[in-house]
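Two complexes follow with subunit A in common, the first pairing it with subunit B and the second with subunit C.
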Partner chain A sequence: MSEAIPVLGVGPVLLVSIQNELTDRSVSSLHRAVLERIQETGAPALLIDVTASEVIDTFIGRILSETARMAQLMNTDVVLVGMQPEVAITLLEMGLEIPNVRTAMSLEKGLEAVGYRITKIDDDANPSVADITESLGTGVGDAKD
Partner chain B sequence: MQRIEIRDEQDIVRARTAARSLAETLNFSVVDKTRIATAVSELARNVVVHGGGGYVEVESVNAEKRVGMRCVFVDQGPGIEDVERAMAEGFSTAGTIGHGLPGARRLMDDLSIEATPGQGTRVEIIKWIP
Partner chain C sequence: MGHQFPPPKKSAKAGSAPADHGPSFDRADLFASIVDYTADAIIAINEACEVEYLNRAAERLFGYGREEVLGHNINMLMSKPHQERHDDYVATYLRTGAKVILDTWRETEGRKKDGTIFPIELGVRECWVADRRIFTGIVRDLTALKKAQEEVARKNADIRELSTPVINVADGVLVLPLIGTVDSARARDSMEMAITRMAQDKAAVLIVDITGVPAFDTMVANHIISMATCIRLMGGHSILTGISPATALTIVGLGVDLSMLSTRATLAQGLELAVDLVRNGTTG
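Moving on to the complex of A and B:
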């Protein structure tokens, strides 16, 4: 069921989403997949999305730390994305630390933390046929007005 | 009272799902629900990893003026030689991080351990509705 955890590419940045039901098997496949993708792509950054994690216990916490450390050893910046406030509180109370890892509230903020920004494509960059004909002064674009 | 067998990782998920849904029914806060589910996850994992399997009983409790919930984890594994040491931060006989028991104690209002070497372990946790 929870076998392979996909490693997605968002531009040069890698993204993995941790689901709640992480098992030993999916953990080792997570490590392998992340490692392979970093080797292949030389990704500058890895975002680990924990939005769906309702519980981060010491087992999952350790996995997150190890995955992050492994990525960092390969020169890949790591950001933990979307940790729920109640999960963060619980982690602190447990005395769990995920060292050297930044956090971000959303995917957008996570991308910004590693130097990328999502921007809407400017419509003028992809002119429509009407725009082109209008700029040529052929009058085709005016006909509809 | 609900009893959940704990043998493997899927059972750990089952145990914490059961605990969370009782906590939900009892109207615990969002943070308390997460504390309870996390503590249950730790202790259920200990039953699998250290205790060789067992079960947990999840139930609501009514004391004089308080309402809360209790989870009792039971296994017939090796027990614990030195309970105080097992409760210490960072102590583990499994090479893992050893924050499970002390962490779970902090997340709950009460955690008590009865362990007989060679016979098994019983861990009881309670959380009261504030």
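Moving on to the complex of A and C:
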């Protein structure tokens, strides 16, 4: 049963979307899949999207946290995206605060956080495709002040 | 209350007849009348669980006439799980002598003639009448009490909600003003409400204003830190405002680490920061 979590490329940015019903096996293959893709592509940023996760247990929480740290070691910016309040409370209660990873409320905000912005291409060129362009000079970085 | 009861009537059943109110009633008649007209519902059954007696309050409470119940199994007045099991309860007691409900008061449910299930308080005692074992039950209607309790619970919930309002003050900015003494339950409620609202409103910034909190202690601090941690995990940002000199002294004195959230002296300054964060999209 191969149910590896897909690692998508959105422009230069890598995107991993964690769906609700994960087996421990598919989660443990996450490390390798992500790191290999980072090595292949030299992606500057990785977004881990947990919008669809209603339950995150200690195991998944730990894998996410580890994957983020490993990616950071390979000089890739990591943003955790779209965590639901119930999940946040659970992680807090388990003491899994994932302290060194940046967070964003939505995929769009996550892209902005790593310096990209979704813009619509001119209607003449191609009306149906949205493009990712690098947005420079928008306050990238941790919101902490 | 006596005027609410129907006037005494001669019962059709000889022997259990209430007092004649003639000049020559004896003490048995007196006691029979007292029980019959007592305000609490009283029901007596034999070892076979057949109803031997029920007083007027019991008739009224369950909505049955006396003749509809006498001689029938008492379980007709019971709600579901007990209805089927009651015979076994009694059989078990007769076999083992182990008292489960006897000599106690307990809350359970009764079943009226129209099928209504209603909460009751039931006290069962055992007595012997001419070598026959009789169980007597006193039944009190708890419907009004339960309703009142629910009402109080609902009011309390309302009060809690009112005491922890979450206000949307600007696009993407929520304010949680904490006012008065914050106990553990209130702190938890407000935290849950605030982060749920943040997700609902897709708000990026929560300002927690503690201007109105007279005593800032470690408990309050810990709740605020927990809340800020959750909000950070969700990708939002929290700002603590309303920090008076006394509070600042306390925070440092207690060794509380608030470095994970931004702090401002006043709500106005916090709002400025919040709007700035939302506008520049640097939340995160």
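Following the convention adopted for this analysis, the second predicted complex is superposed on the first by the 121 of 145 C-alpha atoms of A that agree within 3 Å, B and C clash if a C-alpha of one lies under 4 Å from a C-alpha of the other, contacts with A are read in each partner's own complex, and residues count from 1 in each chain.
Methods note: a contact is a pair of C-beta atoms (placed from the backbone, for glycine too) under 8 Å apart; a residue touches a chain by one contact, two chains touch by 3 or more.
Computed from a prediction, not measured in an experiment: that's the story for all the values here.
S.K.: Touching A:Ile89, do we find subunit B (first), subunit C (second), both, or neither?
M.R.: Both: A:Ile89 reaches subunit B and subunit C.
S.K.: See if subunit A has more residues touched by subunit B or by subunit C, and give me that chain.
M.R.: Looking at subunit A, the partner in contact with more of its residues is C.
S.K.: Contact-wise, after the overlay, does A:Thr103 reach subunit B, subunit C, both or neither (first, second, both, neither)?
M.R.: A:Thr103 contacts subunit C only, not subunit B.
S.K.: So, does A:Val10 touch the first partner subunit B, the second partner subunit C, both, or neither?
M.R.: neither
S.K.: Figure out whether A:Leu35 sits in contact with subunit B (first) or subunit C (second), or with both, or with neither.
M.R.: In the superposed model, A:Leu35 contacts neither subunit B nor subunit C.
S.K.: Just subunit B (first), just subunit C (second), both, or neither: which does A:Val55 touch?
M.R.: So A:Val55 only meets subunit B here.
S.K.: Quick one: classify A:Glu112 as touching subunit B (first), subunit C (second), both or neither.
M.R.: So A:Glu112 only meets subunit C here.
S.K.: Answer with first, second, both or neither: which of subunit B and subunit C does A:Leu80 touch in the superposed model?
M.R.: After superposition on chain A, A:Leu80 lies in contact with subunit C alone.
S.K.: Following superposition on chain A, which residues of subunit A contact subunit B and also contact subunit C?
M.R.: 84, 87, 89
S.K.: Mind listing the subunit A positions that touch subunit B in their complex?
M.R.: 20-21, 23-24, 54-59, 61-62, 84, 86-87, 89-90, 93-96
S.K.: Enumerate the contact residues on subunit A facing subunit C in the complex.
M.R.: Counting only subunit A, the residues touching subunit C are 79-85, 87-89, 91-92, 97-98, 102-106, 109-110, 112-113, 138-145.
S.K.: What residues of subunit C sit close enough to touch subunit A in their complex?
M.R.: 192, 195-196, 198-199, 202, 204, 226, 229-237, 260, 262, 273, 277, 280-284
S.K.: Looking at the complex, which residues from subunit B come into contact with subunit A?
M.R.: Residues of subunit B touching subunit A: 9-10, 13, 16, 20, 30-31, 33-35, 37-38, 41-42, 45, 89, 96-97, 99-100, 102-103, 106-107.
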